[in-house]
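Take a look at the structures below.
Below are two complexes that have chain A in common, paired first with chain B and then with chain C.
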Partner chain A sequence: MAELEVKQLSKSFDGKAKVLKDISFTIKDGEFVSILGSSGCGKTTTLRIIAGLLDQTSGQVIIDGQDISKVPVHKRNFGMVFQSYALFPHLTVFQNVAFGLKMRKLATNEINERVKEILNLTGLGELAQRYPAELSGGQQQRVSLARALVTKPRLLLMDEPLSNLDAKLRVKMREEIRRLQKQLKLTVVFVTHDQQECFAISDRVLIMNAGKIEQFDTPENIFHHPKSKFVANFIGYENFINIGEKVDERTFKTNDLILKTNEELRQAEVTTIRPENVQIVDEPDRENTLRGEIISSEYLGQSFSYLVRTVIGNIYVEEARHAPRSENDQIVLELPVKHLHVLYR
Partner chain B sequence: MRANNGKYLLLPALISVALFTFYPIIQIALPTIKDFSTFKDLYGSFFTSTYNVRVLGRTFLIAVITTFIVLLIGLPVSLWIARQKKNLRQVLSILILFPMLTNAVVRNFAWIIILGRDGIVNKLLMAIGIISKPASILYTNTSIVIGSVYLFLPIMITSLIGSISELNIEVEEAAAVLGSNPFSTLIRVILPQLTTGLLTGAILVFAGTMTAYTTPQILGGNKHLVMSTLIYQQAMTLGNWNSASAIALILILVSALSMILMKKGVKLLDRRPDNAN
Partner chain C sequence: MLTSKNKVLTCIAIIFLILLMLPLVLVVVTSFNTANSISLPIQGFTLNWYKNILSQPDFIDGFIASLEVAIIASLLALVVGVLAVYGLTRSNIHHTSAFQSFFLSPTLIPEIVIGFALYQSVIVGLHLPVFIGLIIGHFLLCLPYVIRLVTAGMLMLDRHIEEAAWISGCSAKKTFFLVVLPNIKASIIAAFMMCFINSFNNIPISLFMNGPELTLLPQAIMNYLQNNYDPTVSAISVVLMVFTGVLMILVEKFIGVNELTGGK
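Right, the complex of A and B next:
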């Protein structure tokens, strides 16, 4: 396993606009990093360039200090798991997994030993003689993982590997992938558009938008301190409050309402708060409170979601309650100081 | 409507196959097997005549060689076409089929001009000094093979483009990431997935060449008979209808047997359970 460095990577197809704009990042040895973004943000392009399946327009891919930008894909010694699993339909599970070892011209004894070992590790021992068409989606995914791992790759790349599975299996598979990653001390780059999935599985998450990196940090930091409006929006912040006029370093005034935050305002223009962090309170005159009227409500299972009209615009509120509040109710909202985050971009 | 009511929709097709394929074959077969002495006479004399056996061998050999060459040329061409961008792929696919819009007789006459003593092939070969005097290419087995390859290549390419464009390209990428170079990916990953397409194409070409009449008639001259031209000679020139019928049946049997063997051979190579063969 190894450390991966991507340096000023750019890509444009057929001389058209750039889909990757000068991105750089480093993934440490043994780290599990997810690249998160909506479709077309460049996450799959990045992964394919790292794999060598696509040439970059400029920039470098460096592994353990060695520039491999010009090394062809079949000589990179990486493992890759594809969204479609991409198993060889004409080969059995055993032959699929053995393929990479055969390409490395290992002795038959060693191939058999290593394939058996990895099949047992991934719970596929019983299925060795089956063909891919005879397996369920989850089993195919496991074969695909085993096939990538058996060659002991320097880097494991995964392109939306779970998106073709149903919700329950997806959670189970991601736990299994995480377990294997820790057990085998793998360096993993995992591409996904599912925020929950990547927060659950990753050491760090790299959020991309329009060919650029928006934020690269631990899931906790991204969740509690989104850097930009895009990131905040992407991970479920729905309320955006403009910083009208700065009163001091941590206080601002918007529509005659004074709001405080624990974070420095600096040059920022917007603050944000998650719907579940907005409180519905009784006393109207505390810090960071404002009046509002419920416009609509929605049942979410464990809580109700309300859209509340206030002087600073509509605010989404989530409240855990057994019975909903009724529409047109006049209520007081508190935007707790510690939950009001400043967005610097 | 119950789902299996749909099977009645097959009736028109089944009736026309029975009426236009099997009925004529039976009509041809009956007079040749009406009694044992006729049967022995007709089929026995075919196989005791070295001339006729040589015609059968030639027909078979021409079909095998043609199929082989068509596979050899068709595979790389269709791989290349199938992997082009959509627009170019469509244009190329149409261009491939374009010659088929012309009458087969006309196309074969074009080969007479190309392959003749003063044709472009002989002129070219002499210009680069491979031969010193015009070679006789026309009216040989070679010219029949050339004409047949030209005739059946579009069918093979069209059949293969269909199979290739159904392949999941990620499977090839997976092979590359696992350390397989492009050539090894072609041999170990692409070709094994194309067995059905290759077989379909090969059977079409083989059956087509075995039974073709126009091409061997025009490009083979009267010294290089194949089964179909032999049938014509027996029936039309010699008025020997029963003998022509017997030869036709032998041709049908040899073709059918070869195709069954081809299928069996491919099945041995490709033991996937989901194999559609």
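Right, the complex of A and C next:
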């Protein structure tokens, strides 16, 4: 396995609009990195350029210090798992997995040994002689994974590999992928649009938007300290409070309301808080509290979600409770200091 | 349990089947008739007309010539057609649909016009042998079938499958032979069958290109009919039907008719 460096990568399909705008990042040896973004953000383009399936307009792809920008796909020694699995329909499971080893002209004995080993590791031992059309989606995905891993690739690329599976299987497969990644010490680039999935599986997450990197950090940091409004919005922050007037480094005034946060305001203009972190409290005179009126409520199963009208605009609140509060109720909200995050972009 | 609606449908189906099969049955029946002309009712049973085929050198030579032309033209159309389809479906070139129409265009031109044009240019103009003219003409006849059928096959093949092969260490050229061709095998064989049968049966194009040294079988049969209206023609028709039938059975035996129609 290896370290991947992407340097000032740009891509334009028609010579005008840039799909990727000068992106750079480094993935460490043995690290599991997800690229997260909505469709059209450039995440798949990035992955395909790393794989060599697409040529970049400018920039470099570097593996262990070696620039491979000009190396053709079949000489890069990567493994890739596709959303559609892309198994060879005319070959059995065994032959599918053996394909890459045959291309490397290994001895038959060694091919047999390595294929068997990886089939057992992925729980496919029994299915070796089946054809892809005779397998379930989950089984096909395993074959696809086995085929990508058997050549001991320097880098494992995965393009939305779990999107075609049902919810339960998806969770099971992602645990399995993570287990294999740790066991084999793989460097993985995993593309997905599913926030939960990539937070669960990754060492670090790279969030992309409109061809640029929004934030590249650990899931915990992204979750608790989103850097931009886009990231906050993408991962479920729904309340955005404008910083009207700065009182000191960590206090600001908006619509006559004084709010405090633990983070430095610097040049930022917006703060944010997750609906489940907003508290409904009794005493109105504590720090960071404000009055509001419930406009609407929604049942979420574990909790109730309310839309509350306040002097600083509507605020979403989530509260775990057995019975809902009724509309038009006057309540007091607390925006806890530690949960009010400053967005620098 | 047949409902009345089903009964009506079944009757209609049977009537159409009879209408379709009757001429064939009549041809088979008359080929064994002892009468000197193609007529009914039969007067007696004989195999003489089958023997007579062998004594007609035009039929024997025509059969061999037709076979040669059909095989060469079909293979040529396959090579050109499969490569063209691969390019059209997999490359990022612009105006793909224009190219597609270009390759399908021979279907728009009446075959008799193709025949005449080739006669004018290839035979009269360039003084090339009739055989070359026939190959070119039948190649044009076959090409659209290959384009249509193989395009359908290619569209069913996920392009990520090729990418998976490249990433596994297989060069693009090798991938074409190891991954693409095996997976469009069924449509290639289907295309070959269509080409072969159409070339083998063709008259309008071949009409312009025959001579004392080379006459294709359908033309030979027509020529024979002009002078003799005897059941030899029925007999050779039966032979051709059996020949095509055996071909279909062999294909079915080796690759399965299911695969031919795209099912698995």
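The working rule: the second predicted complex is superposed on the first by the 345 of 345 C-alpha atoms of A that agree within 3 Å, B and C clash if a C-alpha of one lies under 4 Å from a C-alpha of the other, contacts with A are read in each partner's own complex, and residues count from 1 in each chain.
One rule holds in what follows: contacts are C-beta pairs under 8 Å (C-beta built on N, C-alpha and C of every residue); 3 or more make two chains touch, one makes a residue touch a chain.
Since we're looking at a predicted model, the values are computed, not measured.
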Combined model on chain A where chain B meets chain C, clash or fit: clash
Which of chain B and chain C A:S10 touches, first, second, both or neither: neither
Touching partner for A:H90 - first (chain B), second (chain C), both, neither: both
Partner chain in contact with A:R104 - chain B first, chain C second, else both or neither: both
Touched partner set for A:M80, first chain B, second chain C, both or neither: both
Contacts of A:S303 with chain B and chain C, given as first, second, both or neither: neither
Intersection of chain A interface sets (partners chain B, chain C): 51-53, 73-80, 82-84, 86-90, 99-100, 103-104, 133, 144, 147-148, 151
List of chain C residues in touch with chain A within their complex: 158, 160-161, 163-172, 174, 179, 182-183, 185, 264
Chain B residues within the chain A interface of the complex: 168, 170-171, 173-181, 184, 188-189, 192-193, 270, 272-274
Contact footprint of chain B on chain A as seen in their complex: 51-53, 73-80, 82-84, 86-90, 99-100, 103-104, 131, 133-134, 144, 147-148, 151, 157
Sites on chain A touched by chain C in the complex: 51-53, 72-80, 82-84, 86-90, 99-100, 103-104, 133, 144, 147-148, 151
